[in-house]
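What follows is a set of structures for review.
Paired with subunit B in one complex and with subunit C in the other, subunit A is shared by the two complexes that follow.
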Partner chain A sequence: MTATMTRPSAPTPVQPKGSPAGVRAFKRILPSGLQLIILALLVLFPVGFVLLAAFTDTSPGPGSLGEASFTVSNFKVLFTSSALTAMLNSALVGLGSSIVALVIGSGMAFLAARTNVPGRKLIYFFGIAPLFLPALVGALAWAQLGSPASGYINVVARAIGVPDLINIYSFGGLIFVLGLYYAPYTFLMVHSALSLMNPDLEDAASLHGAPLSKMLRVITFPLVMPAIVGSGILVFALTVENFPVAQVIGVPGQIDTLPTLIYRLMNASPSRQNAAAAIAVVLTALLMIVVFIQQRTVAKKQYTTVSGKGVRARRVPLRSWRWPAAIAAWAYFLLAVILPIAALLITALQTSPYLGKLNELFEPGALSFYSMGQTLQDAEFWHVLRNSVIVGLGTAIIGTALCFALSYTRYRTNAWGRKALEYIAMLPLAIPAIVLGLGLLWTWLTLPIPVYGTLIVLVIACIAVFIPQGYRGVSSSIVQLDKDLEDSAIMLGARRPKAISFVTVPLLRVGLSSTFLLLLMLGMRELTAVLFLFTSDTRLLSIAIFDAYDNGSFQQAAELSLLYIVVIGILAVLARRLGAKDVA
Partner chain B sequence: MWPDMTRFTRRTVLRTAAVTVAAAIAATTTACAAPPPPKEVVQPAQNIETSSGLVIDGEQIADKELWDAAVAEGGITLYTGYTENTEAALLKQFKADTGLQVNVVRLTPNRLYERISAEYGADRLKADVVRISDSGFVSSLSEKGVFQPYTPSTATNLHEDVVFDGGNYYRTFDPIYTFGYNNAIIPADEAPTSWSVMTDPAMRGKIGIAQVGAGGSALALTRFQRSVLGDEFLTAYAGNRPRIFDSLGAELDSLARGEVQVGTTVVSAVNLAQARNAPVQFVIPKEGFAVYDYYTGVASTATNVNAAKVFMNWNLSQRGQNVFRELGEYSVRTDVEAPYILGEQFPPFESEQVHRVLPAEAKGYAKEDQQMWNSLFGYNE
Partner chain C sequence: MKITLEHLSLKYGANTVVKDLDLQIADGESLVLLGQSGCGKTSTMRCIAGLEQPSGGRITIGDTVVHDSERRVTVAPYKRNVGMVFQSYAVWPHRTVFENVGFSLKMKKVPKEEAARRVRKALAIVGLADFETRGASQLSGGQMQRVALARSLVMQPSVLLLDEPLSNLDARLRERLRIELREIQLEQNLTTVYVTHDQIEAFALADRIALMQHGRIVQIGTPQQIYAAPSTKSIADFLGVGNIFPCTVETAGGEAVARLTGFPVSMPVAEVPEGSGPFSLCLRAEDLHVTKARPGESAAPGSWLGHVDVASFQGATVRYRITLEDGPVLEAIAMPRVGDWLGTGDTALVQISPNAAQVLRDDTASPVLAAPAARTAVAA
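Up next is the complex of A and B:
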């Protein structure tokens, strides 16, 4: 998120000379038309099928379209006590966890960006580290730590004489875990706003004699307010649509949210797909409103804080609060990363699932690597791992290429329908992953293209969910790049494709490689979008973990989670290495 | 939205990583002890001969022609709703007996039913054999054409009501659905002996139950509870703040970890969990318990038809049925005894304590029971 002075100039027509008008028009429509078809398959068809299922009495599938008849009775499910409670729960959980994430994220961002706290750079790392832990894994770990009676924290508390210290399967627990793992989003947005802020205004306040506290109150916080509010709304949207944490932490405490209700209706016997679709429509509508507000807020932010001057923002001296602040930041890292990983490790190594007293852990034979070794020798594990890597790489490669094509069309051509392309590309931001997954299932079961049951459909799902992130990543770099560079190549006789591959793409490699890395990570972590789409041959690591949990094997889920973290870590380092070499 | 990694140096990352690894090593130094030996709950076959077909302990499982064709195919793909661990324990014996491979697709019965319907509709069903509970599910799959008729040569000395739709699918065994307790928290001499423990105010908030939509098993239990223990029992149960689980597997794990102290469970799952050091034990309640049907059939989409037939033969043979018995299920053969598990002898299948819900009854009551259960437990209304 660097500031830029260059604004995208009005696109100028890029016309091949001397073609007949019809061919010209066709050439003008072809690229954007093609992209529109791809986006329609990724986004519009799934949404259409969810709408269809919500307003008809049969669930979409091969041959069912002819029998479907219109009805609004599916929406009756909204007025049942389950749905009303779930709606209320979703709103409260979203609100609560955004507040938690805001407090943690903004606090950490302030410490890392603008104070003299000890170990400032480490605190930046703490702020983003939880991003490497998929929310599903964090939730499973916290179920181990904080479950009533047998959670490790409760076992330790009992050893020092405090019975029933915490129950994670509660409203507070759900809000806490979501807040913990979504705080990095607030952190990143607020941190960049605080770092990029023009210090002139603060200097002016100081020069005129304002004490530090007044300067912070009157100048600094109002300036970053849009970033805080924007990230708060973003976290609200993300937590409301979150499925894995709600399923692992909320459902055992009988707290249903809209995504878990959709999942349960889909898996009820008999399945109630039309009711699930009706709830999906409502959830999507709510999310669209929230995302719309968020986009408006963030747009305002850029107005105030972005400046071209690379002046260092001033540091606030914390004085006697230096160490307490550092300890608070460490505590966050402990809660979000260290304790969960330790809990997963103990669970994976325990030879008996029951732990009544703490000292039982230290008895001979209580812990063993035997089971972990068995998993590593299991062919199924390697098969699942291979699937995950293929889907992650597929999402990253195809997704980056698609997002480049979209951004290029949007910002470098006058192609027909390029604004529409942008709108559709950003649409998935407002569609919950569980709804998109549902729509994709129906789309690919119905369309006569045989990709259902292959890894391709999982790649499609991941790309569909993460297009907005990828598109944003690429287009933020493309608008910074002066288009004259590419045009110079044209002037010197290169054809357009050659100019793009030898001038534009190399100049964009930093932006493209970080988009690649982002999509790779997101694709490796995804559970919700692929939940309805996987088959036996195409299970991913995230699915295997969820299945192990669902089948009641916490130990296996913990083993796989640890290996999952290791794989994600290795990939991040590798991708970073390769990307860095390319840039250098 | 991705972090700018240039913000922190490689050294800070390495330092943090080193601290994390050191903490991990410290936490696991005790982990080098040898694991307790895994206990086997099922006896392996004594004698396997393959010179003229497959003969196990003197019982002909497959004739030469079928056996050679099956070996040439190499194995099957099995779509199953049977509990993961139990199916794995059974298949371990099947593989040891036959050398055939089994590729397993395991989902809870309700999800399996949806999955098979969707895949069959899209012409992508890869199953050679389908195993599922709930008579409603299996008969609906049969109507759709998912099965093909087959008569195993080993299908002799069967109880009544085993062969369905002209051999499209077979009742293969009956799991025992009762309740269990955590025997690290509740000592054996204080163990409950009656379903009334679920309505005991002292157990408030410490009991569990699996949701009624989890498949034929949960519906069978509900039918038993309503017809034998009465609706007032279920009402009191629901009022005693039970934790509701999405699946039996998750409930047993919670029971083993002590999150709940008493909960509904299946005997074979307890049997296997105890072999893996889980402190759980089942109860044979004086009021009796429910058993539910599990069905198996050769899929019409089978590409490994011969291996699938050998699998069916083995399942219904004396050998296969004894494996089911040792796991803790009731056999469908009259020449295989009632299970004897963890020191407890179960009554004969015909006993009054054993409540099997007949398929017609199950289908007739399914909707009503489910609605009643959902409204009582405040679930999915």
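Up next is the complex of A and C:
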């Protein structure tokens, strides 16, 4: 150590002057203020307009604000028999389908995480695979499989002499389909709780003399209980606000839920917007209570045992139950993925629109790719696909940037109002997508900014609905990153933006890119939020499918659904590729 | 460059972590902020760096006021030319050693060749000459610490701040790096502020130590001063004085005598702090002489007989726990010659070095306030 660093000559004493108080206050409030305005446009304005419509006698629109007068008469609709039934139906369907999802999801999670079931890795895949099937597509497929007259399952059953085997257009059918497609949410939450659990806790129980069954009962299950309960309430909230499944499966069976009732009131002629708003307010209030309870369960009972040491937890030997358990898991995959896709394929390829008997399917010329080829050559299809991709990418790019800004402000600055930002960003969790869509419609009809009728308003809707997921994704990785890493760049002479781009963003690339892909997938799939916002020129794939179904053209809906699955599948594979590269 | 802190205060909401702190650090001085976690030492350092916004007071580095709450002036941290080595190293794992160290030169737009020359020089100073192209994530803890140091040295900082830079290293490496750090600091004539909770580290590195408690500096002085004369009981406790007992003080015939509370043990003391107490008697474990008592020996005044409860051999020293007859349990560190070790159960004769017993104000009953207690010598 002989080298000596020369010290810099003393800088000429510069005494900086303070800026005037007004400028300083403005600079302090500007970043979070700007974000607050964006969030207000995304979330608070729509909620405000729904409330406005619910409590006045005019529907929001340009120039309507002046003549609005307060009334509670809109809430009379709640006491009509159709609204009361819808409310009851929503509650029962939510309850039933969350029980179904809980049983399937936690059972599969236990099998995949903690047993010696044959093909464990495959069962993990089965557990999450239905996520790639949008609920709308799943519902359409099950309508094909289980409709009373021409459902494929009934056709097959009739061929072997069992008439009227199932009717999907029923209470049970609705609960079944919802449970089937929301089970992966339970699966993911319970699986991660089971596999991240510190195995020392279980070993301690065994060492102190507990046999396996006792250990499971006394240690393992109590420790994953918060995950199970939390996911159960989450599924309840998601199914209560679900629109596509309820519309496709419930409505043909004369089962209305609150979201389908809102849709019907909006589409009635003349449209009963104020009544729809009143129901939307009630649905939102219910959901807020449920989400509040869910957040409390998860926050309160977060046992710190989940250590993520990566130590492999002990596996439970299933003995003679190994194969039955595996078969049950396969059955789930069959019901949730294989049968629906097969049904869509047959529907898409069928040349006659109606199938009465099984053997009609095997007649020459019964199946043909002709119609599918026609769709692929249709300019409208490519236009719709392009719209979907633009909306998906727009949601992902703008959404990730916004979520990064929000998380950064919340966790890395002491900016004014940062807690309020977080609160508003998480609010859409408790607002049904259909209500948010309704509110956004009125917001952008009323505001003098001409985005209604463009793809921009669809991007806005998707960001508004998925901001909680994006925010959670980015903020969970930002809190894990040591703050000193960025501060050291500042000390070395970098301005804050440079420090963020040189240090923080590159180190967050895994978290940011997975949030990007999540938002891309969610944006490409969304139907409910954009239901009231699209125009004939800005239809998305999901809307095209819904339109086809609405017009009674099951074949076109099936074709589009298949192509939709292919597009989402390609994205998913791409996502894995990119994700894998990032981790390396 | 010299640093001046005047009336510095820092609040987080309702919680005041630094209270009206005044401190002057001379050019080229190594000042250590010593204190327990949560005493405000890191916050004080971060105020100098500019990473925290003080709620009151003024900070001057060299001749530049970098913060003045009254005049609402704040120089952005990236303009202060203050180097900082973080406890977590904060070496960027996605960059090479060279890119890490050269970052500040890139920010200053130093020409490439000169930058490379300076990076190499800094790496040579910290002993990492061959590591330039290594990815930072492949380094060991000690190497990362050296990279962090080189990264701060290369910018030729006006002031170097070090936030517990050695606390994540193992004991041997810590000792070595401590000496190297001191060597570099003296050689480069760097003004450094060093934060630590380890008094050994503070003694080894400091020109002056500022002891902090509850957001204030409670004692400041050279390492020797601090070691020799901690000003209160809590400071003595923090500095690792092994034997602290509540006591009362009596002055008889111009001679002050400390009497332990609860035991018939008393000893003369040289100085007594002002005020009415409560007081504590403090004895360093290394100031006690422990020898084997001959059978039947009785203790002369100023020495005591005791029973060895635990003898823990530590190589050069032996650590004893001894229960005095009719007295308290003492901790003693002895450096006996080979063969003179006492074992558990032996009877020991314990003597105290002259003037080693100190009576200090017991400040733990009420929280420490500023103004270290002035000491008055009792006339002999």
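Just so we're on the same page, the second predicted complex is superposed on the first by the 547 of 584 C-alpha atoms of A that agree within 3 Å, B and C clash if a C-alpha of one lies under 4 Å from a C-alpha of the other, contacts with A are read in each partner's own complex, and residues count from 1 in each chain.
The rule is simple: contacts are C-beta pairs under 8 Å (C-beta built on N, C-alpha and C of every residue); 3 or more make two chains touch, one makes a residue touch a chain.
Keep in mind that this is a model prediction, so the values were computed, not measured.
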Subject >> Contacts of A:Ala268 with subunit B and subunit C, given as first, second, both or neither >> reply: first
Original post:
Looking at the overlay, what does A:Leu39 touch: subunit B (first), subunit C (second), both, or neither?
Top reply: neither
**OP:** Please work out whether A:Ile166 is in contact with subunit B alone, subunit C alone, both, or neither, and reply first, second, both or neither.
**Re:** neither
Original post:
Just subunit B (first), just subunit C (second), both, or neither: which does A:Gly473 touch?
Top reply: first
**OP:** Using the touch definition from the top, say if A:Ser488 reaches subunit B (first), subunit C (second), both or neither.
**Re:** second
Subject >> Partner chain(s) touched by A:Ser536 [first = subunit B, second = subunit C, both, neither] >> reply: first
Original post:
Given the touch rule stated above, what does A:Ile104 touch, subunit B (first), subunit C (second), both, or neither?
Top reply: neither
Subject >> Those residues of subunit A which subunit B touches in one complex and subunit C touches in the other >> reply: 1
Original post:
Where on subunit B does subunit A make contact in their complex?
Top reply: 1-5, 7-9, 12-13, 15-16, 20, 23-24, 27-28, 30-36, 77, 79, 83-85, 103-106, 108-111, 113-115, 118-119, 121-124, 126, 134, 137, 182, 184-185, 213-215, 243-254, 256-259, 276-279, 378-381
Subject >> Interfacial residue positions of subunit A with respect to subunit C in the complex >> reply: 1, 3-8, 10-11, 13-19, 21, 24, 482, 484-485, 487-496, 498, 502-503, 506-507
Original post:
Can you list the subunit C residues touching subunit A in their complex?
Top reply: 1, 49-51, 62-65, 68, 71-73, 75-79, 81-84, 86-88, 90, 92-94, 103-104, 107-108, 121-122, 124-125, 127, 148, 151-156, 158, 180, 183-184, 187-189
**OP:** Note which residues of subunit A are touching subunit B in the complex, please.
**Re:** 1, 61-63, 80-82, 121-122, 124-125, 128-129, 131, 147-150, 184-185, 188, 251-252, 254, 264-271, 337-338, 341-342, 345-346, 349, 351-356, 361-362, 364-371, 441, 445, 450, 452-453, 469, 472-473, 514, 517-518, 521, 535-537, 549-554, 576
